[in-house]
Every structure is written in C-alpha cells, then in structure tokens.
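Presented sequentially are two complexes of chain A, the first with chain B as partner and the second with chain C.
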Partner chain A sequence: MAKITIDNKEVECRDGITVLQAALEAGWDIPHYCYHPGLSIVASCRLCLMEMQMPHPKTGEMDWAPKLLPSCQTPVKDGMVVRFNSETVKKNQRDCMEFFLLNHPLDCPVCDQAGECYLQDYSYRFGRAESRMVDQKTVNPKKDIGPRPLLYSDRCVICSRCVRFTREISGTFELHVTQRGSRSEIDVFPGRPLDNPVQGNVVDICPVGALLDKDFLFKKRAWEFRPANSICPGCARGCSIRIDQDEDVVYRLKPRYNPKVNDWWICDEGRFGYKYIHDESRVKGPILRRGQSVTRLLWEEIPDILRFRFQEHVEKHGGDKVAAVLSPFMACEEAWLLGRFIREMAPQAALAMGPVPLEDEDQRFPVGAKGEAVKFEISKEKCPNRRGVEAILEQAGGTVLAFEDFIEKAGADAFSAAWIVGGYPKPWLEKAVAKKLSGKSELLVVQDIFPNDLMAEATFVLPACSWAEREGCFMNIDGLIQPFDWAIHPPDGVKRDGQYLFEIAGYTGLYSGKRVRELMAATMPAFAEVLAAPQLAAHAH
Partner chain B sequence: MAFEPVLLKNVGVEGSRTIRVYESRGGYQALRKTLKMTPDEVVEEVKKANLRGRGGAGFPAGVKWGFLPKDRKRTLLCVNGDESEPPTFSNRVLMEHDPHQLIEGSIIAGYATQSQVAYIYLRVEFHEVFHILQRAIDEAYAAGYLGRNILGSGYSLDCYIHRGAGAYVCGEETGLIESIEGKRGWPRIKPPFPAVEGLFRLPTVVNNVETLSNLPHIMERGADWFTSIGPPHSTGPKLFCVSGPVKRPGCYEEAMTITCRELVERADLGGGMLDGRKIKGVLPGGVSMGILTPDELDMKMDFADPANYGLLGLGTAAAVVIDQGTDIRSVLRNVTHFFATESCGQCTQCREGTAWMDKVAHRMERQGGRHEDADLLLETARNMGMMPGLSICGLSDGATYPIETIVKKYRDELEAAIAAQPEGRVQEVLQAVN
Partner chain C sequence: MSWKAIDRISPVIEKDAPPLLSEVVRGKIRSFFPRYETKRAALLPALHIVQDALGHVPYQAMVEIAELLEIHPSDVLDTVSFYTHFWTHPKGERVITVCRSISCEVMGGAGVLEELKKQLSIGEHETTPDGRYSLVTEECLAGCDHAPCLLINEKLHKRVRPQDVAKILADQDNDRLDVPRSTLFDAREEGEAPAAAKQQSTFMEGRGTKE
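Let's turn to the complex of A and B:
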C-alpha cells in the first residue's frame, strides 16, 4: 500500500498502479480517453495531465514541477503529492476539449453514442461552451470497416483504444491509424476488414461515437434503457453482461467488468446471440393434452394438477418408473426446485442431464496465445450451467444418468413418466432421439422455449423462458457461481420457470433466486457464498 | 586564430567518398587510436570535450552515453540521418561527400557505448546518399573497420542502413526507434528513456550524423583542441546552413562564435543579400526555433544566446533568410502548413492545434484575416504547450515557437495587412478555403 496526496487529501492505494487509477478508484472524476484499464498505456490524449511535486533541481526542496505530467503513465510512489484541482490542470482540460471538438461534427441528435458519450460528458464538465474556430471543419469520411462496426471518422478522437484492442486483446491486427495530423484516421488494410469473433468490443471501448454497432444503429437512444445485470448464457465461461432493454424489448448486450471471468470483454457470439428471445415461434401458454383434446391450462391450476398426476402415476407404476431430464440452460435454483419436486413425488426417480452442446475447440485471445498470455476465452461448451446442474444432481444422489443412458433406458421402456426440460436456443432434440423416446411415456411433461418433436405427444407442455426473463445463478466452467437478474417480462401467457417450479415444488409466494439459494445453502454451502457475493462494479470506462 | 574546417575538410576533394582518399587524408587513424583506449576513457574524453548534440536539442553526447545501464548485455546505436528540418542540409553534405567520416564516428561511438549494431536511419528522400553510404559501408567491411573483431581489437560492430518513409517526426529519437522497428513513427512516452529501453527494448543510443562526425576529430586531436573552439557552453566546430535570397547559399563550418548577421553577410559565408535586397527576417535554426527581425541579427549562433531573443534554441543552425518583398502572411502559412502536415497526430494539442493554426494562417494569406486572429494564434500556440510542452515529444514546442515569434515580432505588419483587406473578404474566404 502506498500513501499519496491528491488535491490535499491523503489516499491509500495499491502498489504498482498509476496515479490516474488511484484517483479513479478513490472517487475522483479525471477525464481521459486513451487510457483504458485493459489496454496498454499510450498517454496521448493529454486530458489526464496533473501537477506533481518534485524536488527542485537546484535547491532539492519539494516544489510543483514546471510541467504537467500524464497521470495515466505515472506510477504511484509513497509520499507523492499531486493535484488535479489547480487552474493549470483545469485550463489544460478546457483547452483539450476545445481541440477535440474543433472538427467534431456536433451531430449528437443523430448519433447513437449520445447519452453515453464522453465527448458530451467532458465538454459539459470541463469544456467551453462554444468553438472559436470560424473556419470550415476537416471532415474525415464515414467508413464501413467490417461486418459489425461502422466507423464515423469525423467523430473520432484518435485515442487508439480500438487499434490497441486488435493488437493486444484479439490479436488480429486489423485496425491501424493512417494519415498524419488532424487528418489521422482509423482504418483497415485493403481487403482485410475488421472481422474477428470479439470485434464488438471496439464499439464498447470507443469513448465517442466513432465506432458504432451496425446491429444497434439508429435503433434506440441510450438514456431510454432500463438495464439489468446478467450473465451471458452463450457458453460455459459465463461473462458478466448488462442487458439493455426498454418496454420488454432487448436492444443490445454490453459487457460488465468482471476480473474473474471476462475483464471488460465479451464475444460477438454472446453479444448478438440473444435475438432468439424475441422469436415469434416461442412456446406460449401451458397446455394439457388428453388423447386428442388439447386444453389451455391456467397457471394457478398447474401445481395441483401436476402433483396429482405424478402421485397417481407413482401409486400405479412405482417410483422407479419416473425420470426427469434437466437442462444445462436451467439456473441452479430451477434445477434444484425441479429435482426436489421429482424426488418428493418419487424418491427412486432417475434424474438425468440433458445434452451439452459442444463445439470442437475453445477459442482463446489474443489469437494463438497460451497460458498466462490468454486475455479472453470462449468456451467450446455452448451452455451456461452444465456444472451447476451437475452439482445439483450430485447432491440429489440416487439414480443419476447421463443423457445417453437415459435414452437407452427410456427406449427400453424403463420409464413411464418423464419430465424433459429443454430451453436451448437452437434445436436440440435430434429426430432419432425423439423417435426413440416417442410413445414411451404415459405422463410426459415437456418444458421448452421452442417447439420440439416430443411436444405433439406431451401430456403437459410448459413454456420455458429465456435467460433474459429469468433470475437465478449459473456455475461457470471454472466452478464460479454467478447470480443474474431478469431484464424483461416473459411474453404474454408465459410465466417464469423459477416461479412455477417454485410453486410446483410446494412453496408459496414470490420466487427469487436469493430465497431459493437460502434453502439450497443448507445442503450446498457453496450457494451461501453467492448470497453474500458483493455486487460487481459497473463497466469501468 | 583562423578557423580551420575539419568536418568539411574532405568536401570538394576528388574521390572523397572512397575509402582510399579518406584514408590518404588521415582517415581511420582516430579509430585505431580509440581502439587502444578503454570504452570508459573514450566516454570521458567526449564528456571532457563537452560535445553537445548537433540534432537540435544540444544535449551533451557523453552524458547521454552515461545513462546506459552499467549491467547491460546488449546495446544498439542509432545514427539519426532523418534530417527533415526545412532549411537544413548539413547532414546531407556530410554523408554525400564524406561518408567514411560518419562511419568512423559511428564505430567510435559504438565502441564507447559497447554497441553491437549501428543502424543508420536515413530519410527516404536521400536516395543518392543511400547508395553512397551503402558503398562506403561495404568498403569499410572489406577493410576490416566493420564486422567481427575490428582491427584485431576484439570489438565487433555491424552497420545497417534503415530508410524511413518520409516523416519529420521520425527525427525525434523515439519516433525513429519505432520506425526502425517497422511501426508507425509515433514518439514513445518517456520514461523509459531509450538509454534504458529503446530499440527492440534494448538500451539504445541515438546520435545525430554531425555529432558522430565530430568524434574522429575529438579522438584524433583531443578534447582540449575541441574545447578551444567556441565559447565554453558551445564547443567545437559547427556546420551552418544558409538559404534564401543570399549570394552564397550553402553549408559552412565555423566556430559557434559567429552571429546570425555574420552568417548571412560575411563574404566567406552567406555573402550578403542578392541584388541589393533587404532582409525582412531570418529563421536562424531551422523553422522550428522562431524568427529574428533585422534588428536582432547580432544573436550569437550558439546554444545559449537564442533564448535571449525569444527563440527555442539553436536548432539545426540552418538560417533561412526572408527578404523584404515577402508577405509575412506567406511565411506564417508556410510554417503552419509544414507542421500541420508533419504532426504525427498522436497528442491532441499538437494534432488539432497545428491544423487549426494552419487554417487561420491560410485564411490570412488569402486576405481573410480577422483582427482577433493574431491573438487567437498566440493563444492556440500557448494552449498547445510551449516549453514546458504538454505533448509526448517536442514537435509541438517546435511548431509553436515560429508562430509565436512571427506573430509577436511582425504584429504591426499583420494588423496593417488585415486592415487593408477589402470589405466582406473574410466571409468570402471562409467559404472558399479548405
């Protein structure tokens, strides 16, 4: 720990960090563009300059250095004295803001960045009201640099964050600076567009409206969002994200800083992989089938009907004829509630784990990095909670099957009552598997987000919600349990999985992840820690 | 005591580029002498001579070498031949006419710093120089002055030429290092200084061509001879360039005791103005140091006196003379245009400030000046940071000094020119320019 003095206040800070980091962490609001905690330091925007005390070269006495120094580049030293509140420092900030805005088109009304733009924020706080330049502005062109982002060079402040991102994080080196002086532009090399699996991040780290997301272009104003903190369900890494939604429509996902998992980044697959949640073909409303007749059930009736039907079945056929397939897309709480219900109905029931979607290989960034050098990882396991569900199955004990064994047994008429959970964004039940399971169960509950081949014969069809509508926690591939909030309401007629499972499992009142984790913690102490987990810091700019 | 040129002594001699002629005129003797000394003795000798860097900043070369860490394993030497300051051509003369003098100086510097490789960084426009220098390097290799075990001393040095891509900023030492590494010539943030972590992250020394060309003479004649020339703060011979409407534009060698007036008017130097023209001003140190009015020409061309005249320093000691017939607005615009195109674009103040000042100067040149423009230029120049600067490198200081001195010293003329503009001209120009 080093002790330094900022603006006459003593601040304790970690060793080895820079003055800017120390000041930001201690609550100072220091303007900066080029500095990003995840990237190398270039000290080129010159906004964070500070005054520092140094021994006078002749007398040796401590005095203010004659020169302003970049705080982003100066490491803290015990006993250091700096200030940001002096007139010299403020004047530099004001002058810098004037320079930044000289050639800026001031087209905030049509710019997507408006509302979350650091040019806006800083010019309000540190800038001057009007430009003194009467001459015509230098207009750098708008450029299509790749499939995802669009580059408005005229809004660019040449902080070079995006360039450094492609060099230091993605390792793909697509971006560079061309031209010199105020004609400097970010560009790609001819025939080599910005196209890599993590390119969406350049939009996030752009402090101004220069790099914008084509997917989000002109869709929404940033201040209209009511965001929720969530965890990306795209793969087993479980990156921390923020869901930006308004009126139950999700417009975009943004990364949240999480040093344990994703730092400041997320991949494009996760970022743009949410579209399915607004798909028209989603399963809506609970259905009960008796022979050829199909009845729409009321949610209030379901717990009683289901309990009755399962009890009846177990009395008739015995408890070992009951099975449930849990999905790696379920939250831990939901899996626990369902497991609890099934085992309550039939203690000898078999529990199985649904199929885990796998790709060939993990993707690591920078491309080609190994070991310590890896800055970001995408797992080959394309589901968020295999480990969480596995942990719950393990704790449940009794008969626990792999999915293949379940199909095998089910095909051999081992089960006459089954509860099958899907929730996969992509079709998951292969035709051959569905055929094997077809006609085997007298009592079949299918809970899924999209229609699958077994639904036509299911006794009960329960709609599942997407993760954006649910609340709970996922355990990632490293065993880290991370809670996530719901962001939007489920579609009309659909109830949150957690809520109806809570009721089916015999509880009353409102479901909440925290409430269920309190119950789970009795047998699974790991979940007690999640209860106490500190709220993660918001996206660090 | 008459001044005896040493740096230019081979210029004009038939075959001066060849190793045969260079050796016949005493070349490579200093190197033989140097290799018998220890590296530390060489450093001490250069420190004693107080050889100040000839590239512009005037930092003592021996002191710069002294910053190298003691426990280093590898060291690299960069020879700065990126001579890009507008009216400057002294390095070019040295390399074109006497390439072996530079090579000998580089080997001496390499030995003193115990460098393994010397990179000569040439600006790309020096096509002819490149071929001359490359031939000289090949000759030096063949004669055993470069390569393994030089002259049986056990010391080895390899020498390569690296050609730039045409950027002023690559003459800044860390910009030069980035450029040799194959990157965009964006100066680095310091610390670490190149002596600690420079080219390829190794301890690196960057010295100017003229600085290194002085070394054979220091080693041959001794530090006392060197310090006997010029005032104590500006020792040794120095190359001066004169250009503009003078009778004898060219590159001359003199002690740093001459004044700017002597440089322009002395019969054996500039030779006075052409066809009875009158001097309006002189930019005495390349454009980036600032301007002198006719009344200020008694400034001494050394490392100390320019500061007394509001200039940044001696710079490259290349004087460009402006005659009375030149509109000061054109001079201003010429200077702003150069820096606006040569700013690397990394730091905000320099990137935006140089371009803004160029727009204003362009407008003034086109008769569209406003009365507040002079103050605006002065304030912009100050906001860009002037000694102490606000940017990573010194380019923005260099970009602001000429603007500030021109506007301050020729303010009356600027104001008069603006007052003489036709009515409504400003609006017209505002729409036409850019």
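Let's turn to the complex of A and C:
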C-alpha cells in the first residue's frame, strides 16, 4: 500500500497503479479520454494532467514541478504529493476541452451517445460554455467500417481506445489511425472491415459518439432507459451485463465491469443474442389438455391442479414412474424449486439434465492467445447454468440421469409422468428425440419459451420466461454463482417461472431469488451469500 | 441529405490480381529481416523499397507487404498514411514540396505556394496533366533558417521568393542533388535503369548497412 496526497487529502492506494487510477478509485472524477483501465496507456489526450511535487534541482526542497504531468502515466509512489484542484490544472482542462470541441459538430440532438457521452459530461464540468472558433470547422466523413459499428469521424477525439482494443484485446488489428496530427482519423484498410466476434466493445469504450452501433442507431435516447443488472445467458462464462430497457422492450445489452469474469467486455453473440425474447411465436399462456379438449388455465389454479394430478399419478403408478428434465437455462432457484416439488411428490422420481448446447471450441482473445495472455473468453457451452443445475441435481441425490439415459429409459416406457423444461433460445428438441418421447407419458408437463414438438400432446403447457424477465442466479463454468435481476415484465398471460414454481413447490407469497437462496442455503451453503460484481462509479473507465 | 457514409467495406483490390511486387523487391525486403527482432520492424525499409520500385505504394502493395511481414494491412496503411513521404497514388516525375510551417509562413511561403499553383495550374496534392510535377505541402522541411524553402524531389531550394518560381521551374536540373544517391533501398534487376521519379534521399546512407 502506497500513501499519496491528492489535493491535500491522504489516499491509500494499491501499489503499481497510476495516479489517475488511484484518484478514480478514491472517488475523484478526473477527466480522461485515452485512458482505459483495460488497455495500454498512451497519454495522448492530455486531459488528466496534474501538478506534482518534485525536489527542487538547486535547493532539494519539495516544490511543485514547473510543468504538468500526465496522471494516467505516472505510477504512484509512497509520499507522492499531487493536485488536480489548482488553477493551472483547471486551465489545462478548459483549454484541452476547447481543442477537443474545435471541430466537433455539436450534433448531440441526433447523436446516440448523448446522455452517456464523456464529451458532454466533461464539457459541462470542465469546459467553457461557448466556442471561440471563428474559422470553418473541419468536417471528417462518416465511414461504414464494418457490419456492426458505424464510424462518425467528425465526432472522434482520436483517443485511440478502439485501435488499442483491436490490437490488444481482440487481436485482430483491423483499426488504425490514418494520417496524423490534425488530420488523424480512425479507419480500416479498405475491404478489410472491422469484423470480429467482440467488435461491439469498440462502441462501448468509445468515450464520444464516434463509434455507434448500427443495431441501436437512432432507436432510443440513453436517458430513457430503466436498466437492470443481469448476467449474459449466451454461454457458460456468465458475463456481467446491463439490460437497457424501456416499457418492457429491450433495446441493447451493455457489459458491466466484472474482474472475475469478463472485465469490461462482452461478445457480439451475447450482445445481440437477446432478440428472441421479443419474438411473436413465444408460448403465451398455460394450457391444460384433456383428450382433445384444450382449456386455458388461470395461473391461480395451476399449483393445486398440478399437485393433485401428480399425487394422483404417484398413488396409481408409483413414484419411480415420475421424471423431470431440468434445463441448463433455468436459474439455480428455479431448478431447486422444481426438483423439490418433484421429489416431494415422488421421492424415487428421476431427475435429468436437459441437453447442453455445445459448439466446437472455446474462443479466446486476443486471437491465438494462450494461458495468461488470454484477455477474454467465449465458452463453447452455449447455456448459462449447466454447473448450477448439476450442483442442484447432485444435492438432490436419488436417481439422476443424463439426458441420453432419460430418453433411453423414457423410450422403454420407464416413465408415465414427466415434467420437461426447455427455455432454449433455439429449437432444442430434435425430431427423433421428440418422437421417442411421444406417447410415453400419461401426465406430461412441458415448460418452454417456444412451441416444441411435445407440446401437442402435453397435459400441461407452461410458458417459460426469457432470462431478461426472470430473477435468480447462474453458476458459471468456473463455479462462480452470480445473481441477475429481472429487467422487463413477461408478455401478457405469462408468469415468471420462479413465481409459479415457488407456488407449485408449496410456498406462498412473492418469489425472490434471495428468499429461495436462503431456503437453499440450508443444504447448499454456497448459496447463502451471492453477490453481484460491485458497481463502478461514472467515468471510472 | 448530407448523411452519407463512406464505404470502407467493399474491397478495393481486384481479386486474383497478379502480384505487384516482383521477386527482386520481395527478396530485398526479406534481406532486411535479419536486422531486426521482429519482421514488423522491417516495415519502413519495405515501404521505401516498394516506393522506390513502383513510384508509389498502392493498396495491393500494402497487402503484399503485410503478408510478407505477417502483420495486418491496416498496420501498413497506418504507417503509410502517417508519413507524407509515402504516396498511395501515382505521382509526377518531380514532387514539389512546400513548407507550410511557421518560419516559412512568416517569411512569405504562402506567396510561393500561390505562385506555384498559378504556374503549374494545379492545386495541392495534384499532378500536372503531363505528369511532370506533383505539388504537396509539408509541415517542416528542416530549413527554417533558409525560409521560405521548398523541395523538388530531394533537392532543397532555399530563400525562394515568388518571383524566383518561374526560373526554378524552367531549370532542367532543379532536382539534382549535390551528393550521390543511396542505393540502400534499390531493388532493381541487373542492368535495369533507374526509373524517373526514383530519387532517394541520402539520409539513410551509411546507417544500418553493416554486413
């Protein structure tokens, strides 16, 4: 621990960090563009300059150095004295801001970044109210640089964060600074567009409105969102994300800093993979089927009817004829509630784990990196909670089957009552499998987000919610348990899985992840305290 | 509507175009590899060699250099566009470079530039229709004590006044250097004559040539 003095206040900071980092961590809002904690340091924006005390060359006494020094590039040292609140520093910030805004088009009313723009924020805090520029502004062109982002060169401040991202994080090197000095522009090599699996991040790290997402272009103003903190369900890594929604429509996903998993990044697959949640073809309401007749059920009736039907079935056919397939898309709490309900009805019941969608291999960035050098990883396992559900199945004990074994057994008429949970964003039940399972169960509950082949013969069809509508926790591939909040309400007629499973499992009142985790903690202490990654202050990166 | 984005996605290089860099040029570039720890470091010599051989560095040449050096073409374009010395499009036989920096500006450099534009009937970054002259401006020619100055290829003309421009342009030897040219970056076939506009500076001569 080094002790340094910033603006006459003593600050304890970690060793090996820079003054800017120490000041940001201690709560100072020091303006900066080029500095990003995840990227190398170039000290090119000159906005974070500070005054520092140094020994006077003649007298040896400590005195303020005659020139300003970049705080982002100066490592902390015990006993260091710096200040940001002096007139010299403030004048530099004012002057720098004036230069940054010299050629800026000031088109905030039509700019997507408005509201979350460092140029706006810093201009307001550190800049001047009016421009003294009398000459014609240089207007740099807009450039179509790739399938996802669009580059507005006229708004760019040449902080080079995006260039460093492609060189240091994605390792794909598509971006560069073309020309130099006042003519600098961000560019790609013509015909070699910015096209990699993590390109969406350049939009996030752009402190101004220069790099914008084509998918989000002109869709919404940033201040209209009511965001929720969530975990990406795209793969087993479980990156921390923020769901930006307004009036139950999700407009975009943004990464949230989490040093344990994803740092500042997420992949495009996760970022744009949420579209299915607004699909029209989703299962709309609970259904009860008796022979040919189909009844729409009220949610209030469901717990009693289901419990009654399962009890009746167990009495008639015995408990070992009951099976449930849990999905790796369920939250831990939901899986636990369903497991508990099934085992309460029939202690000998078999529990199984649904299929785990797998791709060929993990993707690591920078491209080609190994071991320590890996900065970001996309798992080949395309579901968020395989490990969580496995942990719950393990704790539940009794008969636990792999999905293949379940199909095998079900095909051999081993089960006459089954509860099958889907929730996969893509079709998951193969035709052959569905055919094998078809006609085997007298009592079949199918809980899924999209219609599947088994629904036509299911006794009960329960709509499932997407992760954005649910609350709970996922266990990622490294065994880290992370909570996520619901961001939007489920569509009309659909109830949160957690809530109805809570009621079906015999509890009353409102479901909340925390409440269920307290119940789970009795047998699984890991769930006693599940904490989200700490929130960062504004302008922390 | 002014809302128009430049297309940077469509390729600019013809597919299946024959290679632009000859084996001699490639060999010359490779000969620089052992001097450095990484192949990337040979980028500047490579660009000099290519510009020497082709007169300019077109996009296709950048891609071929990138392949040789095992870097992304974007990195090559970064460097090419940083140095005004490198041309991405064909240039005239002689390149006139006028300083636009402070010393020359206060000593009347702008007047010289205006006169040049008038005499040549071209603007900045343009080439005369006969391909004889190209005109560019440059930040500083390191000749502040002789301001205003201009370069014709590698020959520095000092203390130029607007009325001198016609005389300089009329001089056939206005680009002749007083010292011999370096052959450090030459990649010519045996017996091939040096092409026009292949004047190279002597600044690298004697440096890094240790065998």
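Keep in mind that, in the parts below, the second predicted complex is superposed on the first by the 531 of 541 C-alpha atoms of A that agree within 3 Å, B and C clash if a C-alpha of one lies under 4 Å from a C-alpha of the other, contacts with A are read in each partner's own complex, and residues count from 1 in each chain.
What we mean here is this: a contact is a pair of C-beta atoms (placed from the backbone, for glycine too) under 8 Å apart; a residue touches a chain by one contact, two chains touch by 3 or more.
Worth saying up front: this structure is predicted, and the values here are computed from it rather than measured.
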Clash or fit, chain B versus chain C on superposed chain A: clash
First, second, both or neither for A:Gly146, with chain B first and chain C second: second
First, second, both or neither for A:Lys9, with chain B first and chain C second: neither
In the superposition, chain B vs chain C on chain A residues touched: B
First, second, both or neither for A:Lys260, with chain B first and chain C second: neither
First (chain B), second (chain C), both or neither touched by A:Pro66: first
Touched partner set for A:Lys435, first chain B, second chain C, both or neither: neither
First, second, both or neither for A:Gln136, with chain B first and chain C second: first
Touching partner for A:Gln179 - first (chain B), second (chain C), both, neither: both
Clash with chain C, by chain B stretch, listed 152-160, 206-214 or 350-358: 152-160
Footprint overlap on chain A, where chain B in one structure and chain C in the other make contact: 176-177, 179-181
Chain A residues within the chain B interface of the complex: 41-47, 49, 66-68, 70, 73, 92, 95-96, 98-100, 102-103, 132-136, 138, 157-158, 176-177, 179-184
Touching residues on chain C, where the partner in the complex is chain A: 3-13, 59, 62-63, 71-78, 81-82, 139
Complex contact set, residues of chain B against chain A: 167, 184, 186, 189, 340-349, 351-356, 359-360, 363, 370, 376, 383, 388-392, 430-431, 433-434
Touch list for chain A against partner chain C, complex: 141-147, 150-151, 172-181, 187-193
